[in-house]
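Labels run A, B, C and D following the written order; every chain starts at residue 1.
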């Protein structure tokens, strides 16, 4: 098993050749600047991995990252968009303004030690199964690297790190977009933990989610059931009609639900029941219209079962708007930085973990970069909204053993080792170098923005899928009970 | 197998002793008057059995009965309550006015030869599985017998035979009650074909039925299902919610349905679908409120599936209001007339048929009279409405082999033989003698009406469950297709 | 609001007249013996009310009662039937052996202060909404009273208090019957908290309950739903088929369920889901057969949804076998003890609480005794099994404001005041005096046992509905999560 | 409205240039040969349009086509594959063997006069809503044209017309493939009526269909529902589980059903019910596996509802295997033949009908040829199986107004006018000229077959989705009643 102290980083030989030298700091020097800080970055990432704070409750995790940015000269604004754990850290001034997204929330209901076999950690109720401890740390590192370049070169330009909480269902970025926090940004950069290294242009699914809460009339289920109206009947009737609806939506639609409260005791007719729905489709407008049909199903279910229903929109996100010209810059830098190369200990760990995963893709593929081609992902992210406000570039880095699924224990396990850290460093350097390219080449930014305006369309008007609701700051703390 | 020509009727020995002599015609003579006409009555009943005309289409059957009544001095009014095959035949004048109900419609979807084993008749699409050929004939005979008594004795009084079509789902009596045809009647008498002889007071279930018709949007089910809205989805969602509702209604409730049109071809999203519902409960007001909940289920189903729905009330009937004082008169006369005694041929037929039936009650029980006690029947009849307008007495006569279920092929079989005829004669004589008793004893009529007023309650207001719809004269002819 | 210190007990004037004096201790003296100990009994009952320990976790509550019995010379056997909190406390020797049942578990999910308006107690997760704090205390008091009579009179006879945990879903008495703990008992006595005073013979519903646990295959609900098999689909399909089944069971059947685990997050296809079912009917054998059909529905649902299912029987109880000859003894003593009379403070409390309850029956009815007549209750109790092993007599005492439903906050509220204590004293004295009558009159015991043998039938073989499972000692502690 | 006598055919100018002259008969002469026979072909097509014979009952329609082929020297074999209305008509000898498919069955449940507004024909229960009257006629004409070329040139080669009945649900071609009728064929040609002219390579959906028949226990729905087991419950439970399954199949899957028998009368628990299912997906093996899951849903439904179920596979077809090299030949000939040009009367008809159709594509597009590109169609055809046995080329011809859907009344209307005939002539000439090309150029046939072998794969083993069932010769005549 790899020890954090034993990490070795591959020399960035390719970079010394591929990257043109900047005024007073070459891209190779930017990469080295970050490599030299790997131990410090590792400490931060592993501390956040240990904390595993869930959405909107990431007080320590966000403070760790913001503190590091302040230590490197960033100015931090806290509590943006009405969210206590959201922040914006800024360095530099003038154009262009480059934003970097940084997430840090953990996933509840799953946890795991950093071992290549299933071993939950006693008493821990959440885990970094989506690698956000690496995400926030790498992004902050990239911002620090870009700030260093601005400082040393004296170039005009502003670098911002957006500390974005609660990606897992809390949709913080949407509230941040709605609050206008990205209005003056030229380009946004992001990345994600993965089992592959990739910077292809791609899209995903828009999503709108809501909790439907049915109210009925309680009664003794054996002695007076005729006096009761079961709220669970309402939930089941709604689900029935949504399941029928599956035939009558475009095939790329995704509708899924869990029953979050299905009654307390069989001998009492439940007067409360709750079901939690996601509606997804590549097109946000289709999501909007199908969501209305789901609402109609809930209303019809209430009418037909003698119950009543209300719903609360929980989250909502646009699908990603891919910008090919921007992904090309990211791709160039990713290929120059290169993939993840395991040392012997890491290889042993990876191969042990591979025994619990599908055989393809191979462990060796962590060292490679995926071909540049359009990719569709059937998943959603609140980064989607950002991509309709600002041209947004992204990449994946192989922080996990190839073949690992997001939200799996294997993701937590690898993310807690030097394997995760190596992937994190790939991301940090790729993002920093991309920012340097954009600061250095205004024409490229202009091209990117032109493609963005064209892809978005002249008629586009941003209307967030979460509507006018406030951030659900207690969504991880609430019980479904009435 | 019994031949119609070989019928032997038991001498009414009991009657010659038990019945007090009336002015110019004793009850025993009334019974004999009917016995002497048995061959003629048999011809009529068997002709109707052969015709097997279904609801509202009973042109020949009703004409046969009305013709016989006219031949005995009755005045016939046709087309009452807007129903071509409904009639009222009247004899005599003054009080009291005694009505007798006579049904004559057959049941579609079942037929059978008069043999003690299953043998459908080729090409025949309906059969007298509920014995209405005997019902109408015996009731007409009873009215003729009572008229003869009125004529010979010169007593004041009016006897009426109500020719009531379409009992099987057409609810003709309800329209006849609604039209005021029973408003001036003092007492109504009725009977029904059965496997037992009984004149106990009893009640049954009120019912309201309707066809719910869903409309959707048709589309190619493979190439454009997202453009379709399935009307069958509407039906299934409605059914789902009604099935949930079963838990939340009083346990004596009955809810049942069939899907009468569920789409034409799988490769087309159905734009039409129909489901046919019955709602029943002992209390008509409970039926009314549960029916509204079923309507709400249909509306909720339409809303939740993107379809629309309309419903047509098909039938509706009150539960029977039993009048003990009236049943006592019927019971006295039934016990004096006696049960059904098989001759050797009939016994052989009965025992052969018994092989296809439950062993209990025994074949011999056809000769006995059931004890007088309150009985609840979980079935419905449009005679229910009559019983809330006029005190209504009824009996069952053993026209079928004991153990035979209504609507079975065994009922058709026995009803086509002398066994059915013997049961019919029991009913004809019991009804005629009961009418004579009521004509003879005004105090008894007063007692009956006093109980009726008290049982019905001072606040009672008749509000038919069929609402204001017209008789569904084409309900047996229509296709569910739009 | 009544204070515990202000309780006034009505003088037992009726008893001094009505009860014939026994050898060295009259029934009146037995009643007085208990009245003198009311303050002590109040302390015990209110301590258990405060503890509100849930099923199989009633360590302190059971110890309080057993300690009181030991202090009065009873020998206590702990851990009977493999249940740590179950005990049998015995006094005396020889025949007859009279058992008294005592319950003491609280109901989770509900709590309330002893005030006549809704006021949950912060941090308390359970409450005595079924009055078992009074039940156990009154029964123990009755046993102590009967023991005192045995001691003073020197009569032969054994009195036993059965400390029976976990009535609310844990079915402890069934395990205790199965373990043979009632094999040598002649008569068992019991009671229950109520809004009325009654000792009529009556029956209730047999019940069998189980948790059905479906397992599926987890998958990302958006990116790979076709690889998933939803365990919640299994639950919903099972429920669907059970809801269809409602039409095809005898109308006295009760089927009810809650979904105790319906998935964790909508974006993951649930690989686990749980539904908790009760099946009830007056006849245990009908329960058994319908339960098998419910199991078939679960198996069919698993087959049809590509999931698997296992079930765990949670509880099971026979319906009560009423013994009229025994109820007559209880009824005689209840009428002599009399009902519950409120003082001014109690009346004010009762009337305030009545504002939250149906107007009928009136507050004043707490002072009356219900007429002696057969009563059917659509509820279940694990005391049912006892009643098929031993003749079991029971009564209800008005510990709650008339009109209060079991398992309501109003029941907790009244049960925490002197109103509850007064009802408890009615029960304690009635049970003690009934035991004295049985000890005094062997012929009456013989009559009771003869009726019992006849009612139960010669062919009866006890086969507990819980089968061979062990007591679910952790049923209140477990999470439904796999 | 266009009269049949007024048809004008565009001169085939393009052909005179593009087609190389053959030995004694140029391709231009082959086209002219067909054009000269247009009136005769029109008579045949319109006679079949009038007959509108449904699947496996096309006695006159098939005889008309076979008679015409015999009149041109073809030898006809009747009753192939055990199907009375299927035939194979052969001309010539030796290699290559070219087959042409000809359909002729009408669609039940829809009919229409040849007018540009909705006007059903009284008493007609079927119509050529899929243009098979044109299909069979054009294919026969093409075979006759190719035979003429073989005769005049004396070239080796065999031309066969396959008279394939019951395409609409009867899957006759599958039985014909299974019977080995295509084993010695080198290339098969086909076409279809459409609103466009196209010869692109494309695929569609494999399909497997079945009727699931549930049996239960009948009972009076009001008086003894607990004795009944509703077969309709089985159907609804199966449907419920299939609707849940929609979430867990690949998104290209299509599952659709209609309830073909849902009970006779609400007052009887149905002991029979039938549901008719289609399962479709591009991959026949996926269809096979999902069909098994649908069968599991039926079995689970039966188990869970106390019913039993059997199923009968009704149809099954592979998806089309496209052969690019063959489509290129068809495309070349289609572009040389050209599209459909309306005269003034036809234009007026087309524009009137367009008022009932979507505005795009335009009426004018009937004159154009669609670009050559891969196309996916979400529909199925029994020609799919042929395409896995023999390289099969196909085209669409604009027999309908652009924008017309198959199975619509607009398709019947246009198909009954000269518009349909003009499209038919496009198809007839394109197929004939393609056959001539293949007879003329063995190398091209070899290329086609090489691609076919490669696309099909070395491991391919044909296993028809209909299994070993016999042709459902009575599938249009049967009632679902048991």
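Keep in mind that, in the parts below, a contact is a pair of C-beta atoms (placed from the backbone, for glycine too) under 8 Å apart; a residue touches a chain by one contact, two chains touch by 3 or more.
Just so you know, these numbers come straight off a predicted model, no measurement behind them.
Engineer: Could you pull out the chain whose C-alpha mean position is farthest off from that of chain C?
Structural biologist: Between chain C and the rest, the longest centre separation is with D.
Engineer: Using CA atom averages as chain centres, what separation in Å is found between chain C and chain D?
Structural biologist: Comparing mean C-alpha positions, chain D is 71 Å from chain C.
Engineer: Report, in whole Å, the distance between the mean C-alpha point of chain B and the mean C-alpha point of chain C.
Structural biologist: 50
Engineer: Which whole number of Å gives the spacing of the CA centres of chain A and chain C?
Structural biologist: One centre to the other, that is 52 Å.
Engineer: What are the residue numbers in chain D that touch two or more other chains?
Structural biologist: Residue numbers touching two or more other chains: 221, 225, 236, 240, 244, 247, 251, 256, 269.
Engineer: Viewed as a graph of touching chains, is the assembly arranged as a line, ring, star, complete set, or other?
Structural biologist: complete
Engineer: Under the definition above, what is the set of chain A residues touching chain C in their complex?
Structural biologist: The contact residues of chain A facing chain C are 109, 169, 205, 209, 220-225, 232, 236, 239-240, 254, 256-270, 275-278, 280, 377-380, 405-407.
Engineer: Hey, which residues of chain A end up touching chain D in the complex?
Structural biologist: Chain A residues touching chain D: 240, 243-244, 246-247, 251-252, 255-256.
Engineer: Where on chain D does chain C make contact in their complex?
Structural biologist: The contact residues of chain D facing chain C are 221, 225-230, 233, 236-238, 240-241, 244-245, 247-251, 269, 293, 296-306.
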